[in-house]
Amino acid sequence: MYGPGKTAEQCVRIVAELLAHGTGPVLLTRANEQQIKAVFAAHGDAEQVGGSVLWRRPEPRTDVRVLVATAGTADVPVADEVAITLAAHALDADRLHDIGVAGLHRMLAHLDRVTSADAVIVVAGMEGALASVIGGLTSRPVVAVPTSVGYGAGLEGVTALLAMHASCASGVTVVGIDNGFGAASAVARMLRG
Amino acid sequence: MYGPGKTAEQCVRIVAELLAHGTGPVLLTRANEQQIKAVFAAHGDAEQVGGSVLWRRPEPRTDVRVLVATAGTADVPVADEVAITLAAHALDADRLHDIGVAGLHRMLAHLDRVTSADAVIVVAGMEGALASVIGGLTSRPVVAVPTSVGYGAGLEGVTALLAMHASCASGVTVVGIDNGFGAASAVARMLRG
Amino acid sequence: MYGPGKTAEQCVRIVAELLAHGTGPVLLTRANEQQIKAVFAAHGDAEQVGGSVLWRRPEPRTDVRVLVATAGTADVPVADEVAITLAAHALDADRLHDIGVAGLHRMLAHLDRVTSADAVIVVAGMEGALASVIGGLTSRPVVAVPTSVGYGAGLEGVTALLAMHASCASGVTVVGIDNGFGAASAVARMLRG
Amino acid sequence: MYGPGKTAEQCVRIVAELLAHGTGPVLLTRANEQQIKAVFAAHGDAEQVGGSVLWRRPEPRTDVRVLVATAGTADVPVADEVAITLAAHALDADRLHDIGVAGLHRMLAHLDRVTSADAVIVVAGMEGALASVIGGLTSRPVVAVPTSVGYGAGLEGVTALLAMHASCASGVTVVGIDNGFGAASAVARMLRG
Amino acid sequence: MYGPGKTAEQCVRIVAELLAHGTGPVLLTRANEQQIKAVFAAHGDAEQVGGSVLWRRPEPRTDVRVLVATAGTADVPVADEVAITLAAHALDADRLHDIGVAGLHRMLAHLDRVTSADAVIVVAGMEGALASVIGGLTSRPVVAVPTSVGYGAGLEGVTALLAMHASCASGVTVVGIDNGFGAASAVARMLRG
Amino acid sequence: MYGPGKTAEQCVRIVAELLAHGTGPVLLTRANEQQIKAVFAAHGDAEQVGGSVLWRRPEPRTDVRVLVATAGTADVPVADEVAITLAAHALDADRLHDIGVAGLHRMLAHLDRVTSADAVIVVAGMEGALASVIGGLTSRPVVAVPTSVGYGAGLEGVTALLAMHASCASGVTVVGIDNGFGAASAVARMLRG
Amino acid sequence: MYGPGKTAEQCVRIVAELLAHGTGPVLLTRANEQQIKAVFAAHGDAEQVGGSVLWRRPEPRTDVRVLVATAGTADVPVADEVAITLAAHALDADRLHDIGVAGLHRMLAHLDRVTSADAVIVVAGMEGALASVIGGLTSRPVVAVPTSVGYGAGLEGVTALLAMHASCASGVTVVGIDNGFGAASAVARMLRG
Amino acid sequence: MYGPGKTAEQCVRIVAELLAHGTGPVLLTRANEQQIKAVFAAHGDAEQVGGSVLWRRPEPRTDVRVLVATAGTADVPVADEVAITLAAHALDADRLHDIGVAGLHRMLAHLDRVTSADAVIVVAGMEGALASVIGGLTSRPVVAVPTSVGYGAGLEGVTALLAMHASCASGVTVVGIDNGFGAASAVARMLRG
C-alpha cells in the first residue's frame, strides 16, 4: 500500500482489511508520521524502517542473495525502502554502502559480494555511474534506482535517470526516481521460487 | 558489437577476430548498409534482420519462453533487434504485434500468451501505456523499451520513457529509448540457465 | 471565479456581485481556507468540496450522463473539482475511482458504465495510460486531465500531459495539468442542451 | 490508417482489405509520395489532399457546421488533414484562414462564422493565441491543434502546445502537435448524430 | 537597488548612501518585510507598493503616456513593480487591468487607450496571448513581461516567455519572467526626453 | 512578407499585390533560392541580402543611427536580416562585427560608436554575454537577438535566449531566436519620426 | 566532509575520526545549523563561514594567488565556500566582489588583479557572462561556478551553467551549480606545489 | 580559428594572415571538406586530423604528459581534436582508448598511466561515468568532455554533460559538448611552462 494521498484513517482501515483477508505480509510505504502513528496504534505488531511499515515479515529465503549497493550515505533511505520491500517478498538484502565510483577501491574490496549475488540493486544519485560499473562486473540482473540525492545539475534525480539509461553496460534496467519499492518488486519478479 | 562510429573495415576486422577467438554467437547491431554489405562479403554465413547481423545462431532453449509485444506496426524494427539479440542468447521470441492499449480486445484475445510467458519485453512508443497494462497482468519480469516512434508530443521517445517510469504497475523496469539490444540482454541476465 | 491571487475580501465582494446580478449558479474554485471561511461567513448558503464552493446548484439534467474516472485515490481531489464544476452546469457526475490500467479487471468490471456514458472525463497522473484505454473503448468524447500526482519521473504532471497527447487512441483531447475545472467546462460546451 | 512506418505494399494491402470489408469511407493519412503513388495505382477512385487520401467520401451532413480556423498560411497543411478527416466523418469544414491574433480585424470581420459554428478547430503554431481568443468568443466546443510552424522559441510546436494548455479561456481542449486527424476525430465524437 | 540577497542593514546603509550622494529618486525592489520595515524606520519619507519602496518620486512628465496592461488580477503585483519603476523615471502609468484575450470585448472597450499610448507594457502569465493582440493594434513599442501566474502547463512563466517570443506580432520585445523592473527600465530607455 | 510555407508562385503574387497597392517598400524575408529566383524573374528591381529581398528601399533618415553589433562572424546572416529590415524602415545600420566579450579590447576600441547610437541591436549566439556588456555601457534602447550559432550546450539558441533574459543589465529587451526581422521592427517602433 | 544527509551525531563522530587519524585540515561543508552547533560543542577549535567549518587551517602558501571574483552580492555565499575550501588547501583567496559585466568599469578598475592571478574562480549566476569576459583577459586557468542566484529565466542556475559552457572564451572550465567546493578543489589540483 | 560559418575563401585568407603575422602554430578546427581542400591548396605544409588542420606544429615539451582517455571508439574524433589542439600548444597526448567503466579491467590494466599523468582529459559520451572514476584515481587536474555519442536518453550529449557536473568526484571540471578544443585549451592554461 502506497501512503501519499491517503488519510491516516484510510491507512488504518486498509491495513485492517489486508490483515484480515489473508495471512501474507502487508507493506505500507511512503507513510508520513501521522499515518505511521495511527497504524501502529491500531496494528502494533509491525516493524518500521523510515517511512515503511511491514506486518508479518516472512522467513527469508536462503537460496538466493540480493545485493543492495548505494553510492553514498544519502542514498540509504531509498535503500531502506528496497530492503523492507525485499523482506516482504522473503528476500534478504545484503547491503553494501558508500561505494561510489570516485572511491573505486572501496567497491573493489567487496568485489566477490558483487559478482556472487543473484541480483544487484544499485541505488545512486548524482551521476549514477555505479550502475554502469557494477553492470560490467556481473552477468546477473542489475536494477538501477536513480535517487534525487544531490543538487543543481543533478536535477532532482533526472540526471541520474538519464545517465543510467545511457549506460554503456548492456542489460542494466532502470526504475523511477527514488523508487526503491519498484526495484525490489522487479527483483521479486525475477527471483520467483 | 555496436556498429555506429565504426568504419566498414573495422567491422569486418572485429567480426573476424570474434569469430576466430571462440565458437559462440557473434552479433552486430545498428549496422548501416555499407557495414552490412562488407561483413557479408567477408563472412557470409550469417542471418540479417534490419540493421542486425548474427553469426552462429545457437539452438534455442525450450525451457523458457519470452514474449515480445509491440504496441504498433512502427515498433517492429526495435522488436526485431530484441528478437535477434535474444536468439544470440539461445532464447526464442514469441512475438505479438500491434496490441496497443487503444484496442484492448486485441491484447485480451492473447491473454494466455501474456500471462504464461517467463518474461515479457514490451516495445512501445507514443505514450507507452502497454507496459503498465501488461505489468498488471503478469507476475513475471516485464522489461519496457520506449521507442522513438510517433511525432510531436512523443518527443522522440522521451515521453514514452518518462511514462514508463511513472507507470502505476510495480516492478516494471525500463531500458533506454529504442534499446532493443539492452532489453534482450537484461532478460538474458534474468533467465540464465 | 478562480481564487488564487485574490484576497478574501475580493472573493466576498465578487461573490456578492455575482449572486446579485443573476439567478444562476456561482462557483469559486481553488480557494484557500481563509477565502472559504470568508465567503461562507458572508454567503453561507453554499456547498463545498475541497477548495471549491458552489452557490445555487441547479437541478441536474437527466438526459445525459458524464463518467468521471480516476486512475488512483490520489487523483480524487481533481475529480472533485470536475464534479462540482459539472454540477454548476447542471450535469451529474457518475464517478468511478481507482481503475488504473495496472489493474485492468477493475475497469473491465464497470465496462458498461464506460461505454454507455455520453462523455468521459479521465483524471490520471503518473503515466496517464487510462485515457488511451478508455479512448479505445468508447466512441463518445473523452477529455483527459493529467494530474500532478506521483513523483520523480512524473515531473509534476508534465509526463502525464505529454503521454496523453502522444496517446494512441484517436480523438482524445486534453486539458491542462490538474485542470478539473477546464475539463468539466469542455464537456459542458459539448453537451449544451 | 496511419502511413508512417508502413511500406507501400503494406498500405496497398490494408487499403484493399478495408475497402473489401465494408462500404464506409477509408482514410490514409501522413502518407509519403511512394505510398500515395502505390495506393492510387491499385485503388484509383480516391481524392488526395497533401499526404491524405480518402476513398468513398460520404455525403456531408447539413445539420452541423464545423469551423476550421488557421492562424497563418503555414498552418494550412494541418488544416487540410483536419478537413479530409472531417469529410470521412461526413462533416464539412467551413475554413477560415490567416486570422492570427496580431491582425485582430481579420478575425472580427468573420465573427459571425466563429460564433455560429457548432464546433471550432483552431490550428495555430507560434504562440497559439488564437485558441484563447476564439475560446472566449463562442460557447461551443473548441479543439486546439498546436502546429510545428515557426522556428526558434516555437520549439517545434511545444510552445504552442503549452500555451494552449495554459490558455485563459476555459473549456478549450487540446490535441497533439500537428495532429489534425486527432482534432477532427475528437469533433466527430462530439457531433455524433 | 535590488533587495534579495542583502540584509536589512545593508539595505538601510545603501539607501542612506544613495540619498546622500544625489538628489534623484531612489528605488528599492523585491524587498522583504524585514527590509521594508528597516528602511522605513531609517528613511521614512517614502512610498511603498508591494515589495517596492520609492524615495523622492519625481514629478511625472506630461508629454508621454505609458499604458500598463494586465491579462488577469493575479498579474497586478508585477504591474505594480512596473508602475513604481516608471514613476522613478518620471513616467506615469496608465493602468488597464484584467483584459485577457479570452474576454476580447473588455480590451476592445478601451481600444483608444491602447492605440494612443506612446508605449505599452503588457503583463501576462498563462499563455501570454495579450502581447500578440496588442502588438497588432499599435505601431508603438510594446514590451511584454511574462509572469509566473498560473500553474501546471504554465511552467512558472516559461510557457508565457516562450509564447511571447514565438508571437506572431512583429516588433514586440520581451523581458524576463516577472521582471517588471526590467520592462519599465526598457521603456525609460526608449522615452528619454 | 515571411517566406517559409509559401510556394514560389504565392510569393510572386503577393509581391505583385503589395507593389501595386502602395508606393512604400516591400520586404520578403527567409526566402529560399527558388522563391528568390521567382520573384526576381517577375519583379527584378530589387536588392537581395541572404534570404531577404527588398523592393523600393526608401532614403535612409539621417537624424538617427542604429548600431548593429555581432559577437562573431557566424552571427552575420542574422545581422544582415536586421540591416535590410531597418533599411525598409528608412533606418541605416551602423555595423560592428566580431566584438564578442572574450576579446573585450575589440569592443572597447569602438566604445564611442556604442555609446552614441540612438539604439543598439545586439546579435549574439553562444552565451549571449554581449547584450549584458553593451546594456551596461549605454542608456539607450538595447534589443538583443539570440542566434542559433554554436553547438552542444548552446541548445540551438535557447541558451542565449535564456541568458539574455537573465541578464544583469536592466532594461535590455529580447526577441526570438534568429529573429533579426523582429529586432529591427522593434527598433522601428521606438524610433518612429 | 559533505553535510547533507548526515545526522548531527554522524557529523560529530566523523569529525572526531578525521581529527584523530591525521594532522591535516578537516573541512565540513553545507552543514545546517544543528550540525554546526553539534560539531562546535564537541570540537570547538574551528572557524566557520556560512555553512562551512574548518579545523586546523594550514598556513597559506605565499607563492601563488587565486582570484575569486563574484558578479553580484548574492553570489557571495558560494564564494565563501570557495574561499574556505581553498584555505583548507593552504591557498589564499584574493576576493573581488560585485564586478558583473553590466558595470564593466568596476572590473576594469581591478584589471591587474585579474591578469596577474595564478588562477581565477568566477562565481556568477544570472547569465554568467563574467566567465567569458575574464576568460578573455587572462591566459591562466579560469574555473566558472554557476550559481542559482536570480529567478525566472535563470532556471535556478541551469541558464548560467549552459551559458558558461557555450562561452566564447576558449579554455574556461565549469563545475556544477553552486559547487564552490568543487571549484576550489579543481584549482587545488592545478596548483599542487 | 573556428571553421563553421566561414566560407572557404575566408578560411584561406585568415590562415594566410595568421601565417604571415607570426611564427607560431596556426590551427583550424571543425573545418568542412571544402574548407580543408581550399586551405591545403593554398598552404599545403600542414597536417590534418579529421576536421582539424595544424600548421607549424611546435616541438612537444618533454617535461609534462597529458593523458587523453576515451570511453568508446565513437569518442575518438573528439579525442583527435583534443590531441591536435594539445599539439598546437607543444603538449603531447598519451592516448588511451575504449576504457569505458563497464569494462573496468581495461582501465585498471593501465592504472599507472592514469595516476602518473600531469593532467587527464576524459572524453566520454553516454553516461559519462569515466570522468568520476578517473577523478577518484588521480589528484591531478581532470577535464571532462561530454560527447554527443549515443542516442535516445543520451540527449545528444546533454546527459553526459549533466552527469559529469553531478559527478561524485570533487575537483573535476567540465567543458562543453564535443568541445575537444576547449578541453585542450584549458589544460594548456594549467600547464603553462
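Note that the chains take the letters A, B, C, D, E, F, G and H in the order they are written out, and that residue 1 is the start of every chain.
The rule we apply is simple: contacts are C-beta pairs under 8 Å (C-beta built on N, C-alpha and C of every residue); 3 or more make two chains touch, one makes a residue touch a chain.
Everything quoted here is computed from the prediction, not taken from an experiment.
Any chain that touches subunit A and also touches subunit H is listed here: B, G. Subunit E and subunit G touch with mostly distinct residues; of the residue numbers seen at this interface, under half occur in both copies.
Listed candidates were C-D, A-C or D-E; the one reproducing the A-H interface, defined as more than half of contact pairs identical by residue number, is D-E.
Relative to subunit C, the most remote chain by averaged C-alpha coordinates is H. Set against the C-alpha centre of subunit G, every other chain centre is closer than that of D.
Simply put, of D-E and A-B, more C-beta pairs touch at D-E. Centre-to-centre separation of subunit A and subunit D, using mean CA positions: 47 Å.
Chain centres here are Cα averages; for subunit B and subunit D they lie 35 Å apart. For subunit C, the set of residues touching two or more other chains reads 72, 152-153, 158, 161, 165-167, 170, 176-177, 179. Going by the touch rule set out above, the chain pairs that meet are A-B, A-C, A-G, A-H, B-C, B-D, B-H, C-D, C-E, D-E, D-F, E-F, E-G, F-G, F-H, G-H.
Partner subunit D is touched in their complex by these residues of subunit B: 72-74, 76, 149, 151-153. By the touch rule above, subunit D contacts subunit C in their complex via residues 139-143, 161, 165-167, 170-177, 179, 181-183, 185-186, 188-190, 192. Considering their complex, residues 4-6, 10, 146, 148, 156-158, 161, 176-179 of subunit A touch subunit C.
Across the complex, subunit A is touched by residues 71-72, 100-104, 125-129, 132-133, 135-137, 150, 152-155, 158-160, 162-170 of subunit H.
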